[in-house]
Amino acid sequence: MLSRLFAPKVKVSAHCDLPCGVYDPAQARVEAESVKAIQEKYQANDDPHYRARATYIKEQRAELAKHHISVLWSDYFKAPHFEKYPQLHQLVNDALKAASAAKASTDPATGQKLLDYIAEIDKIFWETKKA
Amino acid sequence: MLSRLFAPKVKVSAHCDLPCGVYDPAQARVEAESVKAIQEKYQANDDPHYRARATYIKEQRAELAKHHISVLWSDYFKAPHFEKYPQLHQLVNDALKAASAAKASTDPATGQKLLDYIAEIDKIFWETKKA
Amino acid sequence: MLSRLFAPKVKVSAHCDLPCGVYDPAQARVEAESVKAIQEKYQANDDPHYRARATYIKEQRAELAKHHISVLWSDYFKAPHFEKYPQLHQLVNDALKAASAAKASTDPATGQKLLDYIAEIDKIFWETKKA
Amino acid sequence: MLSRLFAPKVKVSAHCDLPCGVYDPAQARVEAESVKAIQEKYQANDDPHYRARATYIKEQRAELAKHHISVLWSDYFKAPHFEKYPQLHQLVNDALKAASAAKASTDPATGQKLLDYIAEIDKIFWETKKA
Amino acid sequence: MLSRLFAPKVKVSAHCDLPCGVYDPAQARVEAESVKAIQEKYQANDDPHYRARATYIKEQRAELAKHHISVLWSDYFKAPHFEKYPQLHQLVNDALKAASAAKASTDPATGQKLLDYIAEIDKIFWETKKA
Amino acid sequence: MLSRLFAPKVKVSAHCDLPCGVYDPAQARVEAESVKAIQEKYQANDDPHYRARATYIKEQRAELAKHHISVLWSDYFKAPHFEKYPQLHQLVNDALKAASAAKASTDPATGQKLLDYIAEIDKIFWETKKA
C-alpha cells in the first residue's frame, strides 16, 4: 500500500476551488497519520494536561482530514467517476464517518480505520488520473 | 528533483504541535503548486471576476505555504540540523520571502521560485530523516 | 414571531461533531441566500472596489454553505436514510458542485440553483426528523 | 415543512459585511442550542476524553454565538432601532456576557440563559423587520 | 524603548475568554492602522491585482479590528463602567460601524475615523484601569 | 496615557502581507502575556473543566504568538538586519521553540521565557526602526 502511495509517478496536487486543478489525497492522509499518532501518544501518557492538548489537536487534525476528503468528493470527482465507481459515494461517506469516530476515540485502531478508507479513495483517485 | 520528491521511501508525515512527530515538506509544496497553477490560470483569463477570485485564493494558498514552511523550521528542525546545515536559517527565510513575493505577483516564475526553495528545504529534510 | 421560531416542532439544530445532535439545513440556506444577494448586488454596482469585496465575501459564504451541506451528509444522515433516499448521495454532491459554480459566477441564477438544491435536502431532512 | 422554511415572511437572512442585507438571529440561536446540548451531554458522561472534547467544542460554539450576536448589533441594528429600543445596547451586552458565562460553565442553565437573551433580541429583530 | 514597552504601568493585556484578564485596545488600533495604511497604498497604486489584494487584506484587518473592539465591550467593560460612561455603548457601536465603513471604502479618512473612535475607547479603557 | 499610546515615535505597526508596512512586536507580546496569565490561573484552579478550557485557550494564544513572531522574521526583517544582527535567526527560532514549550507546559516560567525572547526581538526591532 505504501509503495503505491509513494510511487514515482505520483503527480502531487491538491485542492483550491478556483479550481487550480491541483488535488491530492496525500493531504487527507497526512492529517489522518497525525490523528493516529496522537492517539498512540495519548495512550502512552496519562498526564491530564497532555491528554487535554492531545484531544484538542486530534479534533483539529481529524476535522482537516474531513475537509480534505470532502473536497475530493465535491470538487475533483465528477459524473464519469461516479458512474465507473458506483461505490464511491458510500466510500467517501464512510471515510468521513470514520474521521468523526476517530475524533471521539483515543484508540489508534480508529485512526487506522480512517487511514484505510483514505487509502481506498486514494486508489480510485490515481486510477482516474491515469484514465 | 521530482523523482527524489516522490521516491518510494518517502515517509509522508507532517506537523502538529503536540507534537505528533509527523512532518512533511509535501504540505508546503502542494500549496506552492497551487499558487503557481493559479498564476498560470490568471494569465490565461482576463475576466475581472475570475482574476479577483484567483487573487484571493492565491493569497490563501501562499499563506498556507508560509505556515507549513514556518512549522518545519520552528518545530521539526533542531540545533543539530542547524549546525550541520548552517545555511538553513537563511534558506527558510528566503523561502518565506519568496512566498510573499508570489502573493504579490501574477507571474508563474515567482510561484516556481517558491517551489525551488521548498525543494531545497525538502532535500535537507529528507537527509536529516535518513541520518 | 417568537413562538414560530421557538416552537417545539422547529427543533432547531445543527452541527457540531461531539455530536451535540443539533442539525439544521437553515445554516446552509442562510449562506446561500447571502451568495445570491451578493450576486444581485454585484450586478447592480460596477465599482471595481465594491466588486472585489463582493467577490471575496461571496467566496466565503459559498464555502460556508459547502461546509454546512457536507456536515449534514457526513454527520447527520446515516445508513437508513441513504437506503430510504437512494438519490441523497448524488443530491448532496450536486448541491456542493452548485456551490462551487456559484463561487465562480456573478449570475444570481447560480445562487438560486444552490438554494433549490438545499431546499431538496431540507425537505428530506425534515421528513427524516418526523419519521 | 418546506413551505414553512421558505415562506415569504421568514425572509431568512443574516450577516455578511458587504453588506448583503441578510441577517437572522437563528444563526446565534442554533449555536446556543448546541452549547446547551453539549452541557447536557457533558453532565451525562464522565469520561475525561469525552469531557475534554465537549469543553473544546462548547468553547467554539459559544464563540460563534457571540460573533453572530455582535454582528446583529454592529451591522443590522441602527440609530432608529436604538432610539425605539433604548434597552437594546444593554440587552446585547448581557447576551454576550451570558455566552461567556456558558463557556465557563457545564450547567445547562447557563446555556438556557443565553438562549433566553437571544430570544429577546430575536423578538426585537423581527419587530423591526415588520416595521 | 524596551523599558517603555515592559514598564509595570503598561500592563499590556488583551483578550482571551478564559478570561486571562489581559486586555489592550492596542490590538484594535494596530489593525486599524493597517486598514488606513492599506487605503493609502491603494490610492497610490492603480494596478488591478494590487488593488484586489489590498481590498481582500483590508477586509481581514477591519474584521480583526471589529473583533478586538467587540471583545473589549463584551468581556472587559462591565456594569460599573457603563454606569460611569453612559456613552460607552453607543461609542463602541459607532466604532464598529466605522470599521464596516472602512471596509467599504478606499478613502484613508474612513480609516482615520475608525482610529479616532478607537482612541476614545482607549482613553476610557485606561481611565478604568487606573481607577 | 493616550498620548503615550499614540505618540509619534511609537509608530505602532504590525503585520499584513500587502505589506501595509505596519509591524509591532507588541502583538506577539500580548499573546505571550496571555499564555503566562493562563498558566498562573491554571495552577490556581484544579477544576477539570476550567483546566481543559485553559489548556485549549493557551494552545490558541501560543499559536498566535508563534504566528506574530514568524511574521516579523519573514516579512519585516530583511538582509541588512540579518547582517547587523547575526544572532537574529537563532533568536527567532529559539522564541518559536519557547512558544511550543509553553504550549506543552502549565509552568508560568515557560510563559516568562517566551516573553523574554520576545523582549529581545523587540529590542532589536526598535533599534532597526530608529536606524
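Order of writing sets the chain letters: A, B, C, D, E and F. Residues in each chain are counted from 1.
We adopt the following convention: contacts are C-beta pairs under 8 Å (C-beta built on N, C-alpha and C of every residue); 3 or more make two chains touch, one makes a residue touch a chain.
Remember, it's a predicted structure, so these values are computed and weren't measured experimentally.
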| item | value |
| --- | --- |
| Labels of chains that are neighbours to chain E and to chain F | B, D |
| Shortest path length from chain B to chain F (each step joins two touching chains) | 1 |
| Cα-centroid distance, chain B relative to chain E, in whole angstrom | 33 |
| Where chain A and chain C are represented by their mean Cα positions, the distance between them in whole Å | 24 |
| Centre-to-centre distance between chain B and chain A (centres being mean Cα positions), rounded to whole Å | 21 |
| Multi-chain contact sites of chain E, meaning residues that touch two or more partners | 17, 48, 52-53, 56-57, 59, 103 |
| Graph class of chain-chain contacts, one of line, ring, star, complete, other | other |
| Touching pairs among all chains present in the structure | A-B, A-C, A-D, A-F, B-C, B-E, B-F, C-D, C-E, D-E, D-F, E-F |
| Contacting residues of chain F [partner chain A, same complex] | 48, 51-52, 55-56, 59, 103-104, 106 |
| For the chain E and chain D complex, residues of the former touching the latter | 17, 19, 59, 63, 66, 70, 73-75, 82, 89-90, 93, 96-97, 100, 103 |
| Complex contact set, residues of chain C against chain D | 1-2, 5-6, 12-18, 20-22, 24-27, 29-31, 33-34, 37-38, 41, 53-54, 57, 60-61, 119, 122-123, 126-127, 130 |
| Touching residues (chain side chain B, partner chain C) in the complex | 48-50, 52-53, 56-57 |
